[in-house]
Amino acid sequence: MAGETAVLLISCRDQKGLVAAVSEFVYRNGGNITHAEQHVDVPENIFFHRVEWELKGFALDAKEIGGAFSEVAQHFGMKWYLRFSDERARVAIFVSKFDHCLLDLLYRHRMGELNGEIVAVVSNHPDVEEHVKPFGFPYHVFPITAENRAAQEEREVELLESLGVELVVLARYMQVLSPLFVRRYPNRIINIHHSFLPAFVGAKPYHQAYERGVKLIGATSHYVTEEVDEGPIIEQDVCRVTHRDSLETMIAKGRDLERQVLGKAVRLYLQHRVLPYGRKTVVFD
Amino acid sequence: MAGETAVLLISCRDQKGLVAAVSEFVYRNGGNITHAEQHVDVPENIFFHRVEWELKGFALDAKEIGGAFSEVAQHFGMKWYLRFSDERARVAIFVSKFDHCLLDLLYRHRMGELNGEIVAVVSNHPDVEEHVKPFGFPYHVFPITAENRAAQEEREVELLESLGVELVVLARYMQVLSPLFVRRYPNRIINIHHSFLPAFVGAKPYHQAYERGVKLIGATSHYVTEEVDEGPIIEQDVCRVTHRDSLETMIAKGRDLERQVLGKAVRLYLQHRVLPYGRKTVVFD
Amino acid sequence: MAGETAVLLISCRDQKGLVAAVSEFVYRNGGNITHAEQHVDVPENIFFHRVEWELKGFALDAKEIGGAFSEVAQHFGMKWYLRFSDERARVAIFVSKFDHCLLDLLYRHRMGELNGEIVAVVSNHPDVEEHVKPFGFPYHVFPITAENRAAQEEREVELLESLGVELVVLARYMQVLSPLFVRRYPNRIINIHHSFLPAFVGAKPYHQAYERGVKLIGATSHYVTEEVDEGPIIEQDVCRVTHRDSLETMIAKGRDLERQVLGKAVRLYLQHRVLPYGRKTVVFD
Amino acid sequence: MAGETAVLLISCRDQKGLVAAVSEFVYRNGGNITHAEQHVDVPENIFFHRVEWELKGFALDAKEIGGAFSEVAQHFGMKWYLRFSDERARVAIFVSKFDHCLLDLLYRHRMGELNGEIVAVVSNHPDVEEHVKPFGFPYHVFPITAENRAAQEEREVELLESLGVELVVLARYMQVLSPLFVRRYPNRIINIHHSFLPAFVGAKPYHQAYERGVKLIGATSHYVTEEVDEGPIIEQDVCRVTHRDSLETMIAKGRDLERQVLGKAVRLYLQHRVLPYGRKTVVFD
């Protein structure tokens, strides 16, 4: 739209002068703020801030900004994260055999909805490769067995590192990642769970929902942590089901939900709008 | 609208000729069917049917219909339930201190949305009485303590029986009913739970939801069974929350959800549209 | 699921004995009804019925059923429509340059959500062909100019007739079909309009919505009639927008809505669940 | 929650240093910002800002703040609006015979959801008075005829002025206010229209929706301007209807929508979260 921008994502203990200090930093260097959002978790006394400004005419070069801002940050004890709109995050998508979420992400990428570069599709099965081809992304198969899991994960990590991957998206990847893998990508692995968490954790949530006779089914996109299905939630949605729905039609409705919810979560992440803390997220959408 | 009608709610093992037999029974006696819905639970092989017809010009008197239909029913092993539109179910509403669901039901009653008669409001606290008065319904207080619970429940049952109550609605009634009470009103007690069940069962679901950082909160209306929060679900809905929502605003949003969901469940019950079976319901809406 | 079935879609003047006559016809010939829905438009006094039964063990061959049922139909003055689950409707999809609805339909077809055969993709532009190829459907280009419109439409109709097309889906086809074309496919052309009709009829509805400052945008799938944007509505949905949405993000949100709404409308049509009458539809979903 | 706060609502031509200047003003005087939101309408180049801070420990008295801030405002050409959380806006509610929106607002007031004082209920009919009584608000009847309209409006304005009314809420008030009245309360009259505007403007929108066969009905809350149904929209919502809905059940569903949508719009206004401009609003929720 308007040319290149910088984004600062900030969190720290709430205290006086935070917004003033950040906006003064931008203004003093000649920047025009295009978006600014702020939130305080009052019970926890944590301040969250997202500020985006135009780089055109800014007094500092992109590579000088971090150094200059770190003085402000140190004064307030801020955790911060600086990104530029022309530096698109590199993304790997993991998938097993269900390809609806994967293809949806590839399509959103093609339409320019995702502010990132998909650099690899990784799967434990070869099945989905032919549908990825027309989009032109490399497809890597790492078959997983009980025996080779650790070794294969290591090879996956090597691949991700060689490609400079920042974000791993589990687009219905039917393997549980090891704690080792998860710890390498803290709050940088996004999963789609096919239920309204925390209802129906674990395997076969549509079967569980069918048995329980719920009137809504859901999908949840969350960061992956070492505790399965317990990571901070980024986005959720539901749709209505009735007694007329079979397990099969519930799964079909769920496909629509899953791709919608995962697509939104990935888009928000890539626009640097998600701030995880504890079991929660602040989403500046 | 069209004058008096009869409704038959039927369930039985699925077999050939069911719809034909019921519709032939109505036609043979000169009735015009205004609504007919049917459902088969294929895995369980159970047939469900709801048929409504005009009584004007019907060959049988209201009191003869049951006897005449029982022949059809016996032939197929049907469980059935016959109701007339001019015979409005008698309803008692139980409430504690939160009155939003109660007042909403009273208002819906006044607007003619509920096909029933509210004959008593029962509470373990006197607090809400003054707001019920303008609607003109009797208000009964039965204070509950750990010691007097059983005795008070007995008095409540006496009252309900003396009033010919068919349906008990728990409109945020903060006491757990004893198994004895529940067994007297099988599938005739409707509760509102302030979460999207089965997420956040038990106490303080909004607190649980706030702690978990969900992006949607819900409400669930279900039949009360002996297992708390496990009865067949009649209706559910959700609304969106964000990091900006405090526990207080979540509770306020929840009030809107709860009254909406409970109001719909009660309306559906009173129109004889709900067929519970096992942990599920068929809702012919 | 259960093997082959037959579906009857019926409408006629409401009168006594309709459900009985149809269900008796099925039963007499040994059929088991799996789904039956009925509706009466009381102000218009029109009866609508959808009945589906298993063909296994049915006394009549598929090709005898119509003849046998026509006696029942004549007696009551029914308009009726008989279909078999193993006889899948042949579908042509028209598209211009936006391919999100098209690709979504092709994907739903691949997943088995659509009870029909896509036999042609027709476009006035070559742009989308490469994305259709992996799905293996033939792609036909008929460039349209002010001068050749009538001639090209004739060629399109020839193609559709040679392929035995029953249903034409306009998946963001940016040309207005001539009355001649429309009359050849009465209630057999389904369009997706990118607004909540009747708001924002005509061109550029997202621009109109943006200018008006609405808080929800919508999409509407409807039958095409000679009056543009006035045909019977099959399905609609909306999503929330805010002041933060630019025209561009509204269009992106709209893509999600459009493919969802059109996908559902086409699925319902192909399951023989839609009965249009006047400006309305009965949808037995 | 946290004690008294001040809120500034600001709009002006977008330019550098706006956020810095406002936050610096707050910080310099010892305030802690609890909420800050900002928006730029890029095509129109307008900046919008809402900032809220704690008054505890603030260097300026409430009555000095405006004067001190006006220097900042003048420098940037800001339009601004300063409010304090302990200074609750005075509200009059206008109603005719349908009382669902009115009673809902009174209930929300009682529950503490509305940051304002209801000082009068005004009606052209006496019908609703008895239901207002238990809430304890004064009820004023001004019968309107074609002849006395102008005179009665003048008396209404006198009443509103004597009561210091800031916000007029039309809670299904079935009279069109004169341009004279509207001009006295620019962007301070909120109406609920019983359709998804701009669909079904004018009278009897549910009848129009029923005739058109839509699958969703809506409600819209908007500021009243001299052009009927054309004012800036604050909030909208929809719910699903089907062929089974009669005009009567659509109206009942609409009641739920209307009270929900109007309640939310009034709550947002009273929390100083709505900034109208042209035909649009910025809603900082």
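Residue numbering begins at 1 within each chain, and the chains themselves are lettered A, B, C and D in the order written.
Everything below uses one rule, namely that a residue touches a chain if its C-beta (ideal position, glycine included) is under 8 Å from a C-beta of that chain, and two chains touch if they have at least 3 such contacts.
In this text, all values refer to a predicted model and were calculated from it rather than measured experimentally.
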- Query: Over half of the interface residue numbers used by both chain A and chain C, so same, or under half, so different?
  - Reply: same
- Task: Please indicate which chain is farthest from chain C, where distance is taken between mean Cα coordinates of the chains.
- Result: D
- Using CA atom averages as chain centres, what separation in Å is found between chain C and chain D? 42
- Message: From the mean C-alpha coordinate of chain B to that of chain C, what's the distance rounded to whole Å?
- Response: 36
- Note on the structure: chain D touches at least 2 other chains through residues 1, 39, 42, 244, 246
- Task: Name the graph shape formed by the protein chains and their touching pairs; answer line, ring, star, complete or other.
- Result: complete
- Message: List the residues on chain B that touch chain C in their complex, please.
- Response: 1-2, 14-21, 23-24, 26-28, 30-40, 42
- Note on the structure: Contacts from chain D onto chain C in the complex sit at residues 39, 41-42, 48, 196-200, 211-216, 218, 232-238, 242-244, 246, 278-283
- Provide the residue numbers of chain A that touch chain C in the complex, in ascending order. 1, 100, 103, 107, 111, 113, 130-131, 133-134, 244, 246, 248, 252, 255-256, 260, 263, 285
